[in-house]
Amino acid sequence: MKKKLRKSLALMCAGALIAATITACGGSSNDSAKSTTQEGTTTIEMAWWGNQTRNERTQEVLELFSETDSSIAVNSQFFQWDDYWSKMSTLAAGKKLPDIIQMDHSYIATYVEKDQLLDLTPYIESGAIDTSNISDTIMEMAEIDNGAYGIAAGISSPGLFYNKTVLDELGITMKDNCTMEEFIKIAKEVYEKTGYTANIISSAHGVDSDIWSRTHDLQITEKKLPASDSTEYTAYFELLKSGIEEGWHMSPEYITDSASVEQSPLVYGSSPETMIWCTVNGSSMLTAYQSAAPEGVELGLTTVPSDDPSKSNYLKASMYFSISANCENVDEAVKVLNYLINSEEAYEILLAERGIPASTVIAESITPLLNESEQKVVYYINDVVAENCSPLGPADPDGSSEVTDLLNKLEEKVGYGEYTPKQAADEYFTEGNRIYEEKQ
Amino acid sequence: MKKRSKLYLFLNKESSAGVVFSMPFIIGFLAFLIVPMGLSLYYSFCDYDILSPATFVGLKNYINLFTNDQTFYNSMKATFIFVIASVPLRLVFALIVAMLLLKSTKLTGFYRAIYYLPSIIGGSVAVAVLWKRMFAVDGVVNMLLKSFGFAGDIAWLNNTKTAIWTLIILAIWQFGSSMLIFLSALKQIPTELYEAADVDGANSVSRFFRITLPLLTPTIFFNLVMQIINGFLAFTQSLIITQGKPMDTTLFYAVNMYQQAFGFNKAGYASAMAWIMLLLIGFITLILFKTKRFWVFEQE
Amino acid sequence: MRRKKRNIKIIYHVLVMGFGIIMIYPLIWMFASSFKESDTIFTTAQNLIPENFTLENYINGWTGFAGNSFKSFFQNSLFISIVATIGTLLSSACVAYGFSRCKFKGKKILFGAMLVSMMLPGQILMVPQYLWYQKLGWVGSYAPLIIPFCFAIQGFFVYLMVNFINGLPRDLDEAAKIDGCSYYTIFTKIIFPLMKPALITGTIFSFMWRWDDFMSALLYLNEPAKYTASLALKLFSDPGSSSDYGAMFAMAILSLVPIVIIFIVFQKYLVEGIATSGLKG
């Protein structure tokens, strides 16, 4: 009896294994057949990063597109930010990037340099991608080496997110285009009266140093640090050091900001000693911060303090849509891309989830449909920043991710008192240049 | 005597049978491991940014790692501290709890599940969120310390001395997997030996040190080797809980390597790091195997 | 005398239970949080009991992403984990028997190769392995997530079983050989049936590791419909937008269920082995 049981068990296992192998291999051959044509349908692959909301809305829009043009079907993949970039790199290594990919300002230059993205200029000029409603400033954002390598999927700008409720209670108003001096005065008052600290330098989100660099003409435009010597960076680290010593700036020894909005000490904590009253992040994050904030707390959005706001403020593409260089069905991909940029019915679904739409016509048509936070962002972008800003400048050159990581580590060292501002500035200057040199 | 074919005789030789039984691994190794491993070794001698083909540069990566990279040493140090602190403690807890839960009663099944549960949720984002919450300045751990009369103000995750301990404690908390292996091995110890010892009048302490422990040494060795290898390759917890902060004190070697490859597009450099780690772990494992005859009981 | 024994028992249970609760407190927290409104999880982190008990996280989480509910994610994970586990156990048992009971040339090298293959950080193999599987045409299918494991490439299981088989008395083999059994029959009729504890331990570990492996799913699966639960769980938290921790916790709790069931069911069979059941007689 036992023997029979064991034999049948063994046979079942063997059967399962064979079935699995067949399914597995069969799966792959099915996919390769699908990628070209299937009864006259072309399949386009698209990938993006995002959360549940973005995934759902984008998928809905892609299905809507297939209804308008039944000869094109779009297969989508989506992941969260970190996984997305690991996967894209790996796919790029095998020359199998999806036809349409979501791109970020910090990666686009690298991908272009390594010939992974398609120059869209011919399609823009022929009108296949209609950019008539997108301003030149925005189109220039994805211009690298005289080629257009992406279309902005949304517009955003760095902003200072602050706890308006706390400031209201103290009778302080945060005005737009605040200078650093004015800001420090406010920060000191808030700290003395409530214990909340500010986060204006410790970058969990990587935007803070941009503002400071632009104000002091130290923006990185090529593979080299623009300063002539390290002393030009000392002031930055000194600002951090004095802020922590005087108490009004968040001290990394006690609390740190988090990349995850829900765990940011701006909205999460049990007492002012462990919380901050302001932080710097991209404007599209307002909805996320506001929903994560405790009941009764209202958040405000204004420009990031700097000595020269018109120089430091800038608009940027929150993300781009790009077409990969190994795309085989470019005309079809272009059609999808055009739809994603210009279709009003698409944006009734997408709304401002990726930022304010690049097409001014679309942006206007959806504004009444947006929620309160998103409308605040629209106001911020159009009426505050756009009125008083300078151009974005070239995309981060290859090597910038390592240089940014270096900067973060040096900020930490200064914050913990391990380095003096001068030491940090020296190391940033020497190491930063060395990193860029290796990438020449 | 039945006449046996040459093939039959050949296949039934001890050496041939050994090879036949090892075939799955031989095939697997050749089909799935050797090419990727070989490629990664090749990359370690190249500049490779993943997005474009690799270019050979000889020993440059290895030299730079040892002479020019403070982060390399920091991550090595953090990983060593992690292994030295967490592995022995994990094994000790695993053994103690396995002994306590040896009897297979209805309740022990439930208990075993409770102690095993933590190791199941291993590398999930949920655990990361939880752990950060628990070790926050106003978190449970500090509350517990306060209730026992200690100072409850430690910023665990921000303090350069304590941050690594949050990860060490996480690893120890997940001792359930080692416990399972000990449980299974403890069950294999012949009860006759214990009975004989009882007849001789042994108490439970000498039973443990004279019978259980010696017979358990092969499993302890196995667990030790596995935990050390896993310890040096630890990755997820550091990546999602502390991201290496503060100041690289929690930057595990594998996280540093991953950052170099995918964050900075220096996959060649990262491959060199990987192979250095392989040599290091291999060396330590080799030493361990050499010490085997001194303390591991072999049943021959 | 009897009272002393009962007191020891009580202390035992109190200690084990008490320590156990401390051990799973984080999980209890996660479980409780999954019933809180997502926005309030962190602001009410101190209190375990939800103010407004809600099932919305389970509902929201279950709907999954872009039309793919967690039903398909769990199904996919189950399929992969079960098949890969069966494959791992069978192949590892074979190889372990060979290493433990047979002397052959190159055994040391092979065993060494097996150990060494465990020492290379997996992350570095992501790109080379992808390129290799791309050559094989396996990208986009479940093949890379299942087939390699059917060839004993995870040294952990082989070594686990080698350890175990080493502990089985050789007299059994000798007796069988005298009776005219070949190595193959000894394996199938004697050793393998006795390997239950090792197979059970192996089942629990292999299932769990396959279930939790999201890296392979990330690299090789191109359609959300094929995603596994472990990969899908990560989609709840994207740092560039708002994360739904409530839904993530809810689905993470559900994701634990299969593994816990497997553990509870199988650990019952961790019985005393051959050497203790007096079969030798």
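Details
The letters A, B and C name the chains in turn, as written, and every chain counts its residues from 1.
Rule of thumb we're sticking to: contacts are C-beta pairs under 8 Å (C-beta built on N, C-alpha and C of every residue); 3 or more make two chains touch, one makes a residue touch a chain.
Just so it is clear, the structure is predicted and the values come from calculations on it, not from any experiment.
Among the remaining chains, the Cα-based centre furthest from that of chain B is the centre of A. Two chain pairs, A-B and B-C, are compared here, and B-C has more C-beta pairs in contact (counted per touch definition above). One simple way to say how far apart two chains are is to compare their mean CA positions; for chain A and chain B this gives 36 Å.
Taking each chain's centre as the mean of its C-alpha atoms, chain B lies 15 Å from chain C. Multi-chain contact residues of chain A (touching two or more other chains): 86, 89-90, 93, 263, 270.
Residues of chain B found to touch two or more other chains are 50, 129. Counting partners per residue, chain C has 42, 127, 131, 150, 234, 236-237, 245 as the residues that reach two or more other chains.
Across the complex, chain B is touched by residues 12-13, 16-17, 20, 23-27, 29-30, 42, 45, 91-92, 94-95, 97-99, 101-107, 110, 113-125, 127-129, 131-132, 148, 150-153, 156, 158-160, 163-164, 166-167, 169-170, 182-184, 187, 197-198, 200-201, 204-205, 208, 212, 230, 233-234, 236-237, 245, 248-249, 252, 255-256, 259-260, 263-264, 267-268, 270-273, 275-276, 278 of chain C.
Remark: chain A residues 85-86, 89-90, 92-93, 110-111, 114-116, 252-256, 263, 269-271, 273-274, 398-399, 401-402, 405, 409, 412-413, 416, 418 touch chain B in the complex.
Across the complex, chain C meets chain A through its residues 39, 41-43, 46, 60, 65-67, 79, 82-83, 86-87, 90, 126-127, 130-131, 134, 137-143, 146-147, 150, 193, 214, 218-219, 222-224, 226, 231, 234-245, 247. In the complex of the two chains, the chain B residues touching chain A come out as 49-52, 129, 132, 136-138, 155, 157-160, 245-248, 259, 262-266. Every residue of chain B that touches chain C in the complex is listed here, in rising order: 12, 14-29, 31-33, 35-37, 39-40, 43, 50, 100-101, 104, 107, 109, 111-118, 120-127, 129-131, 133-134, 140, 173, 177, 180-181, 183-185, 187-192, 218-219, 222, 225-226, 229, 233, 235, 253-254, 257-258, 261, 267, 270-271, 273-275, 277-278, 281-282, 285, 298-300.
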